[in-house]
Amino acid sequence: LQKIGVFTSGGDAPGMNAAIRAVTRAAIANKLKVVGIRRGYQGMIEGDFIPLRSADVSGIIQLGGTVLRTARSNEFRTFEGRQKAWLQLQKAGIDAVVVIGGDGSFTGALTMSQEFNISFVGIPATIDNDMYGTDYTIGYETALNSVVCAVDKIRDTAVSHGRIFIVEVMGREAGLLALNGGIACGAEVILIPESKEQHDELKRFLDKGYRHKERSGIIMVAEGDEPGGALKIAEQVRREHPDLDVRVSILGHIQRGGSPTANDRVNATRMGVAAVDALLDDQKSIMIGIDDGKIVQVPFNKAVKLNHSIDGDLLDIQRMLNI
Amino acid sequence: LQKIGVFTSGGDAPGMNAAIRAVTRAAIANKLKVVGIRRGYQGMIEGDFIPLRSADVSGIIQLGGTVLRTARSNEFRTFEGRQKAWLQLQKAGIDAVVVIGGDGSFTGALTMSQEFNISFVGIPATIDNDMYGTDYTIGYETALNSVVCAVDKIRDTAVSHGRIFIVEVMGREAGLLALNGGIACGAEVILIPESKEQHDELKRFLDKGYRHKERSGIIMVAEGDEPGGALKIAEQVRREHPDLDVRVSILGHIQRGGSPTANDRVNATRMGVAAVDALLDDQKSIMIGIDDGKIVQVPFNKAVKLNHSIDGDLLDIQRMLNI
Amino acid sequence: LQKIGVFTSGGDAPGMNAAIRAVTRAAIANKLKVVGIRRGYQGMIEGDFIPLRSADVSGIIQLGGTVLRTARSNEFRTFEGRQKAWLQLQKAGIDAVVVIGGDGSFTGALTMSQEFNISFVGIPATIDNDMYGTDYTIGYETALNSVVCAVDKIRDTAVSHGRIFIVEVMGREAGLLALNGGIACGAEVILIPESKEQHDELKRFLDKGYRHKERSGIIMVAEGDEPGGALKIAEQVRREHPDLDVRVSILGHIQRGGSPTANDRVNATRMGVAAVDALLDDQKSIMIGIDDGKIVQVPFNKAVKLNHSIDGDLLDIQRMLNI
Amino acid sequence: LQKIGVFTSGGDAPGMNAAIRAVTRAAIANKLKVVGIRRGYQGMIEGDFIPLRSADVSGIIQLGGTVLRTARSNEFRTFEGRQKAWLQLQKAGIDAVVVIGGDGSFTGALTMSQEFNISFVGIPATIDNDMYGTDYTIGYETALNSVVCAVDKIRDTAVSHGRIFIVEVMGREAGLLALNGGIACGAEVILIPESKEQHDELKRFLDKGYRHKERSGIIMVAEGDEPGGALKIAEQVRREHPDLDVRVSILGHIQRGGSPTANDRVNATRMGVAAVDALLDDQKSIMIGIDDGKIVQVPFNKAVKLNHSIDGDLLDIQRMLNI
């Protein structure tokens, strides 16, 4: 092992830069050369490579987004695309690659490593925190705090006006942001794809819980299968309770950026170092994870089998505290 | 003058609590009694009053929203409603009232003071900063910084993905938040109701300025006559430039809450003290303002004539810096 | 069990209010009455009690500090003091108490419960995160992020001027804030009481690492046995390297306050509910903890045996990334 | 005029980067070439120059510190030093220079322009806001909000413990940060060099105002002639009132860095554009200022005559609101 590549792929997540920095410096400390692959798999296909020295990753640990950029690539979904990518890696003398991203990115890495002689080690980075085998994915905690900070502000207005706000947060198939964000903000109702019975909670809240004219409420909604779920719920609530003053806030992309939290930086740093260690140990097709505070290695084909069991206790707690 | 009332009205704005605190303590320092009127004109009609002592306004200077709540009141728009309100003030022994709000609130105060024997002095509080005769309205600066903070985060994602984000900020008839927020964030295009020619800027940016595949962009849009303007613009852009990756972010109510900035607190404090001074000076139907750093008094009927001239130089600057 | 007390004790920590809220509402949901004991053990001795209803803990989940106040009590260190406290609890009909604090607070509870017929269950809240048996103590994560946010600002000046900043953070006997804060900020050197060999790192950094005239550096120092350690280190550095531009920043009490992070709120909520559950289960003299994401119960006499092993891997990582 | 230089000098201030960006892009828009002079006058002497294109100042508007670095230069205080600097500018073909800094920086520019054939235009950037002829200096507002944010946190602890905190903020000869920060945080006492009678306020507060055992207090202190003033005041207070729990917090360098506020960015942008306009108009030895919202030009020899009159009304307000 002499030269490794590193890239970010899929949606950007705060802490990706901390991971890029750690991978680069850990590799250099181990006498490896490092190449940054820009714009994800698309940049790999196009050979959009830059050498990374220690100084190049100085002063980026606190920045949101990714200095290596990211992109979606349809071309990489084809064998021809992956072949082009492999030839580019060959040409650049890259022996192994650290991929920072989510399940789509790891699936791509797995496929390519089965077709061509190239090793990938993954670092989980997605604000959804929905990977199997790791307690943390980079960016989730920052996004969670961005949600909480935004809802704290919305609460000021909700209370001042005696209004109900339906707040939609990210999470296509995973309600973790909505659930923990809702608990942290003292939301009156939390609607997540994992628990359909929460809709009864909404009904209960609207029917019984909202009698006093001054009472305000926050209803947290995970975007679920499609964004805009909050708008539909608002419509329904307005139809059934025309007397209520109901507003919608779709938090959207403010959840994705921003300077990473302390933990997101520390975990990204630890996982970046562990990814280089794994490559030096001749590992391949594994994701670095953190389980009970310790670094673990999870095979790609396990990690990508999305498994987002929700802690049911949290839902019980939420119901109890809002009686 | 022995007892004054104070209330907040219209949309909540950060810094209203600092104004309530200053009014209360300045009045007490001048041997006046103070009554808090809850939920705006509606609370006035219902006699929803609470006595305010110095300790009651302790620890609120840094809080968003309004501890006196606010509400819309259709009943107050009728003579009967205003009569009820006046009788409640009479019954409570309230001689004069400080109203903290925007032009709708001042118009109501003016009407009532012409029909009944009661004095109002106003403190401008609205995140739109669209009152005539004052350089500051309470809440505007905080909202502006919330916009900037949110767009800084969105920029992380825009740059990482090479995307164009159309960001919609508050401002029905006034584009000040969009204009200054756009300058502060280095937005590529700023669309405001006061300058229709800005749409040529958008066209110019899309046609010429966006050739490089990596370039990202922020387009700031004031919500204008109706919210959702950003969605329409996005539709149009996608139709004309199907190759671009365009996203929409409607900032919504996160612009309204939050802990007030230093200036919003200081200005609210100064205006609160000046409002009590004005009542002690037997003034009525005037708004306290700040002009060139100094406290001024502006008659209600001038202040409410919305006059939101935009500094054309800022638009020129924005165009120049994005060439 | 019919009526429980709840109080905060020792240094305040962000998230204490979230715990008070959860204890109160979980107790009420279980048909218990709740009494807030103000100003810690001193207030217990003085009978400074207030009834807590659900509405009394509304709107406090996001506030720093503690609405029940806290205090040190020398009187409670005497048998007579504890007897007075017990009589006050008896008089108020309080059957059991939830104590929110650190090891000193739990030691006091343990002593009192051995002398008198009263049960205590503890919730760990201290920004040092130095309790045995729990991965989290309430307030630590918020303090850590306050450190990181402050050092990010200091870094701006350090880089602009090519200066070395010695930043002192809290942590009398525990260097966790300095260690994780240092990793998260990319500190060049981290000095903690748990690892004396880190001083060689400082020497190495100053001798070899700081040759370039533009290079700046952050040296993180845990306050150790006494505050002001940073000043002594600065003196020594200036003596040995008179050419360097060295500044000191003692972060002090800005680390302690502020709105709690999402995790601090969620964990405080979970532990508050678990504390009430434990009392209902007739548990006594235990601390609620979180281990590997799950609620655990730790006997007081184990928890208070301060055990703050530092993750040595983090120090290795820090050294590697700064070569 | 074909090529201009731009540099930052003296203490760094948030918003300097926004000014660098505006100067660079406004110059390019006017067909000028731009050279960045690194590390202030010292870099000018050493010829530490870099060309600045539009892309070089992309993505810096939101960053604290200064990308051009800054430094103190003893050599520049000598004629020989300034001659070297002038020769470097000659060699690089620089016709005129924009200097971003405070009064020391402008004094240096004035001296050099009187000795050699070179024009300077200044942009005021200092967190003290103590320049004559301008309502704003870049960085002051950001520093003020950093102070307020820090004191809000300290207040959490002060209230929770019933403590008095003496908080020292920057401001060698100017108490503006302490005064406005104190008003914004509801400080109980504000001590500034401009008003010696404030010490009577301290005595009054300690003697009369602090009777209740639960009452907490914030005493804001401008560092005055020397840092550490807060420590001396604390000593004195402890001697005279040994019963009080008094703590000191010296905010230090966290006041200097951080992402600039919206106004600091907008004002820096406006002044940067105006500085280039002034050079194109053949102006020299003037500082750009903002007076009553409008761009003004102030001769260097007026601007540097420090004139920091404090708004006495604010002190009156503070006294009134804390009775």
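For reference, chains read A, B, C and D in written order, and residue numbers begin at 1 within each chain.
Keep in mind that, in the parts below, a contact is a pair of C-beta atoms (placed from the backbone, for glycine too) under 8 Å apart; a residue touches a chain by one contact, two chains touch by 3 or more.
These figures come from a predicted structure and were not determined experimentally.
Colleague: Considering only chains that satisfy the touch condition with chain A, which of them also satisfy it with chain C?
Modeller: none
Colleague: Compare the contact pairs of A-C with each of C-D, A-B or B-D and report the one sharing over half of them by residue number.
Modeller: B-D
Colleague: Can you name the chain that lies farthest from chain A, using the mean of each chain's Cα atoms as its centre?
Modeller: Ranked by distance of C-alpha centres from chain A, the top chain is D.
Colleague: Please tell me the distance, in whole Å, between the geometric centres of chain B and chain C computed from their C-alpha atoms.
Modeller: Those two chain centres are 39 Å apart.
Colleague: Please report how many Å separate the Cα centroid of chain C from that of chain D, as a whole number.
Modeller: 35
Colleague: Mind pulling the chain D residues that touch 2 or more other chains?
Modeller: Touching at least two other chains: 152, 155, 159.
Colleague: Can you tell me, using the touch rule above, whether these chains form a line, ring, star, complete graph or other shape?
Modeller: ring
Colleague: Which of the chains touch, listed as pairs?
Modeller: Chain-chain contacts present: A-B, A-C, B-D, C-D.
Colleague: Name, in rising order, each residue of chain D that touches chain C in their complex.
Modeller: Its residues touching chain C are 8, 11-12, 14, 39, 63-66, 69-71, 146, 150, 152-157, 159-162, 165, 214, 247-254, 256-258.
Colleague: With touch defined as at the start, can you tell me which chain A residues reach chain C in the complex?
Modeller: These residues of chain A touch chain C: 21-22, 25-26, 28-29, 59, 61-62, 135, 141, 144-145, 147-148, 152, 155, 159, 180-181, 183-186, 259, 261-263, 265-266, 269-270, 273, 292-293, 311, 313-314, 317, 320-321, 323.
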